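Shared between the two complexes below is subunit A, which pairs with subunit B and subunit C, respectively.
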Partner chain A sequence: MRYLLLCFCVFMSSVVRAELTIEITQGQDNPVSIAVVPFSNEAAELTEDIHGIVMADLYRSGRFAPLPAYDMLSQPHTAAEVFFNEWRAVSVEYVLIGRIANDGFGRIRTNVELFDVLRQSKILEYSADGGVLEQRDIAHAVSDAVFEKLTGMPGAFSTKIAYVSGKNEFSATSVSYNNRLMIADVDGARERQLLESSQPILSPSWSPDAKKIAYVSFEDGRPAIYIYDLATNVRQKVTAFPGLNSAPAWSPDGRYLAMVLSKSGNPDIYVLDLESRQLRQMTRHYGIDTEPSWLPDGSALVFTSDRAGQPQIYQVDMATGYEERLTFDGNYNARARVLLDGSGIVLIHRSEGYSDYHIALQNIARGTIKVLTATVLDESPTVAPNGSTVLYATRDGGRGILAAVSVDGNVKYNIPSSARDVREPAWSPYIADHKFFLKK
Partner chain B sequence: MLWMRAYGWPLLFTVLIHLGVGWILLVGWHGEQAFSQPVSKPSLIKATVVELPKSANTQAKKKASTPVQKKTAPKKPVSKPQPKPAPKPTPKPVATKPVETITTPAEKVTPKPQPTPVVSPPVTPPLDIDLSEELAAEDAAREAESEQALVNSYIAKIMAQVESAWSRPPSARNGMQAVLVVNLIPTGEVVNVSLAETSGNAAFDTSAVNAVYRVERFDDLRGMTSAMFEANFRRFRLIFKPEDLRL
Partner chain C sequence: MTSSKMKVLGVSLAALIAVGCSSTSTTDSQSQAEAEAAAAAAAAQAEADRRAAAEAAARAEARALEVEKNSLETVFYFAFDESALSAETRAALDAMAAYLKKTDGAIRLEGHADERGSREYNMALGERRAKAVANYLSIQGVDRSRFDIISYGEERPAMMGHSEGSWSKNRRAEVKL
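Up next, the complex of A and B:
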């Protein structure tokens, strides 16, 4: 009897202990409020606004709402000067402070500390240094570190973009269109010209080590695929088959180059082994197959085909050659790029009954398509290596510009550029060695 | 006169239509309003009804009834026509009335808010005292049920507050799950948040914990009885499991 009673008590206590459980399945995803306090500066040779670059980077990511400097109750530079209550009073959740100094050997060093106001603790201490020419690299490295700490994914502020810019040039006797292949920081700064041609340049594509760029040039009067070596500034012609040579795409391991050739009479997807120079035909269909792009693991290619009467995205398996249609929503889906974690495809999309082309995101697991942009003639989406942002070409006031949108569609901004037409953007992979880009 | 024969009826018809349209425009179209306000907050109304059986003086009742009237005030034009054909705003108030009328004299029913005068007439008089035990049991069960409903309405408020404070990091994906244990004090203030089960993504876990810290205080919990607070909200678990992300 006593035993029974004990059992009963144990049972009852376990019932009483059963805690109330509430499930949260939605969120607002408002940008997180962060205060980037102006850094103290003791380096005389500073020419760039490192603090301003960090703030702009974080703002552009769409995940952060930096507090304007005039709303700050104080501007601390050391941990001892940070008073959490005053940051709490202006609803700031994180505070970033920093000090810039010269290390005595001609290098600029920036030390930053990041504080969590809600938990009243320091959560990151980071320092970056570099030469006078690397001030922007220092700033982007700080942004990357902060972004990674707060979002759980690496920042992509230190990466580059390649693109083609063009302009009509008028001489006394003729009008010619001038094309340039350019690279720049992702914020549009530090533009560098790789090539100039009076013939079209198309489809730049980065090698996975970010040291080479494959592209299509019409400089011989017909299309050919070239590879530009950024270290040596030497370029090399890869293919110039009769007919079309277009849309090069590096495989994730850097060994293969997928491309479109029409040497058999109609555009199909081919894969070129860059070491053995062997060519393998991946698709054989009388429809047009174009715009190949690799899955992140290199196991398959996605491409655009009009075999069903209108452009849709298909996938071909590298090992088996098995082909499969991926998109069914909308009457135009093209130029697919797969996110690095394989969770989604970014593509150009036109909905049934509409005439506008938008950048959209297809969730691979669910098959749903969400339009991300509000501009109307969107082209050439390219995804940041961390998958957080999509860069694309669109038109503004009759001129081609580059614009970016976060993958959740919440933040949109334009990349500043000179007065030239800009198109065909390609976002670089992560860059291991930044000094590489400082060379002329 | 020939035109009269040809156009007479159509003319009359047209004039009638115009008059009809004019009348509708002038007098107003009352039919639509009846459909315009289907939404109500049943949980709150239930809660106030439960308090009524206390053999209380009229002052206490006024306190209880004022919030209800505030809520019903905007609905007045709608709620008046409704009860006449169908005398139940919600099933529960109907059940409560007979019990009250046994224990309390009729005068108490009269100062009640709107729904009661409609509901009071039913079957009450023929009940015997023998049934009182059963009724008490029923009463308790009903009270427990309505208490649960009240708890649920508090849960809904907590959910709404946490959801509006939750900013997921870009690395968040549908299907991730983090479990937190939250400790409150009776003012609704958050005193401690701890991670009971990680999602495997540190930024995701932090975003969940920060959402609770950002709420700081669940203001709506302050009016709750301390028994209810101790039983449910002193310490509870929050599961963060996004289902609305794009990826």
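Up next, the complex of A and C:
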């Protein structure tokens, strides 16, 4: 019951702000118990629930079980007010307290302190500040700091997602299509529309500095690859060859764009040098080669090919052009994304003898495949920059939604949209500078 | 038809007026002129009839072509992850090729996939399906340069359901006539 009530509170805090919402469907067996005590506030400009956002972030990670406020014996705001035996009594392992204030120069500052109840000591002091429009950024920065302190892994709460939302309307006489290219905070808040078209939009891909998004749009009636500059809102058409112009993927150094072109007769992987505009053909096979994804060091591309009769994942070495097959387990393996530590790939997987499409993780060294999801029409996996979570597209009650699963498969949550089909998520890299996201 | 009748009437009227105004001394030249006029009228009539017949034939042919066009299958379905043409599709494409060879101009071919699996792989699959249709038609004698091929992958389903009933209708190539 406590779990349900908390779930409801967290859910409500985000539902009023965003078209996308979060619903945890499966949490970790033994989440860390943390009390996120309501922060004190002296900033008149405050319009966002910074405390609620921090609590929702930690909860959504699945690694934490935040204590409901009504179970707190006290609500301290300073270190002197923290009595460890009170928190031990309600089985809390960590206590986070915070104070929000105006810094006197129109900026909102949040100071937080994190305590280890068992060791009875303060383990983190952190402060974040920002303008009125940056309240959610402040909250996510706090979440990132707390998450990193307690898990040893950087938080990814301050990152963004790009995705496509669509609405197809079928009537007796006609079908109308509407598609939008969107970005939002990773919790679904602060959605921003980059493009709207009756023609298909596909495959958003972030530049490594998170300032640009490459994507495919049919807005001229044919597929072309574009780059959208988020700071200037200027779009640039990159390729529009005859045939497919598809699946752009930015190299880790930002200089190259891997893509799929069928201008020579069938789909092959190419790499475009964005500076020299030189195009290099990486695969030459009469089968379908598509969906390139870079290894983190840029030394090779993994891609989908049906050269063996069914889609499987292959790898091509950038220096030598040497190709090898990576997946052997299952009769449909496609759309791989490489984990940032290079240890594995997440992909769409269908097992031998089954008809369902799941997200799976393949360990590259061992070649073993682990299915992460239980839904049946899963696609478009994308990995958080800290490697903790995989976001993907699936269907829920006839609607296209985004869902997330931790790479260990233990934590799952859905991000349903209120009115439209949502698909093709792309998780941004870490963002060094959030300022340009505030521009419309 | 009406205008050619009017012409004939005009020529005959001119001949009558010529008769009424003439004197007896010019009878020979009068009769010669009458004969020439009658011959010209007959020739004009013949030409008009020939033209009318040709126009009627062309119209009939266009009507027949339209009927033929309307009788053609334009949507061809595929098995999952396949671009092989079924026997029914080949038979339907034979009729399509026979029709297309009587026409000219660009032929738009659209390839589609069902929603299962990955979107960009399905984009490639849709292209392969449209190309399978183009290849078959070109073997049947349709000029390959007329084909305008575009794949929509799974982005433009014909049916919105999420089971085989809809999927089988979404795995398709369409010839846009």
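Here is the rule we use: the second predicted complex is superposed on the first by the 401 of 440 C-alpha atoms of A that agree within 3 Å, B and C clash if a C-alpha of one lies under 4 Å from a C-alpha of the other, contacts with A are read in each partner's own complex, and residues count from 1 in each chain.
Keep in mind that, in the parts below, a contact is a pair of C-beta atoms (placed from the backbone, for glycine too) under 8 Å apart; a residue touches a chain by one contact, two chains touch by 3 or more.
The structure displayed is predicted, hence computed values, not measured ones.
Chemist: Is A:200 contacted by the first partner subunit B, the second partner subunit C, both or neither?
Modeler: It touches subunit C, and subunit B stays clear.
Chemist: Touching A:246, do we find subunit B (first), subunit C (second), both, or neither?
Modeler: After superposing on A, A:246 lies in contact with subunit C but is clear of subunit B.
Chemist: Examine A:119 and indicate which partner it touches, taking first as subunit B and second as subunit C; both and neither are also allowed.
Modeler: first
Chemist: Between subunit B and subunit C, whom does A:23 touch in the aligned arrangement: first, second, both, or neither?
Modeler: The answer is first: A:23 touches subunit B but not subunit C.
Chemist: I'd like to know which partner A:174 touches here: subunit B for first, subunit C for second, both or neither.
Modeler: Neither partner.
Chemist: Of the partners subunit B and subunit C, which touch A:361 in the superposed model: first, second, both, neither?
Modeler: First partner only, subunit B.
Chemist: Enumerate the residues of subunit A that count as touching subunit B in its complex and touching subunit C in the other.
Modeler: Common to the two interfaces on subunit A: nothing.
Chemist: Show me the residue ranges of subunit A that touch subunit C in the complex, using the header's touch definition.
Modeler: So the residues of subunit A touching subunit C come out as 168, 170, 175, 177, 200, 202-203, 218, 221-223, 243-244, 246-247, 260, 262, 266-267, 288, 290-291, 304, 306, 310-311, 332, 334-335, 348, 350, 357, 377, 379-380, 395, 398, 423-424.
Chemist: Which positions of subunit A touch subunit B when the two form their complex?
Modeler: Touching subunit B from subunit A are residues 19-32, 63, 93, 118-119, 150-153, 339, 343-344, 361, 363, 370, 386-388, 406-409.
Chemist: What residues on subunit B touch subunit A, complex-wise?
Modeler: 151, 155, 158-159, 162-171, 173, 181, 201-204, 206-208, 210-211, 213-214, 232-233, 235-247
Chemist: Give the list of subunit C residues in touch with subunit A in this complex.
Modeler: 81, 115-121, 123-125, 127-128, 149-153, 155-160, 162
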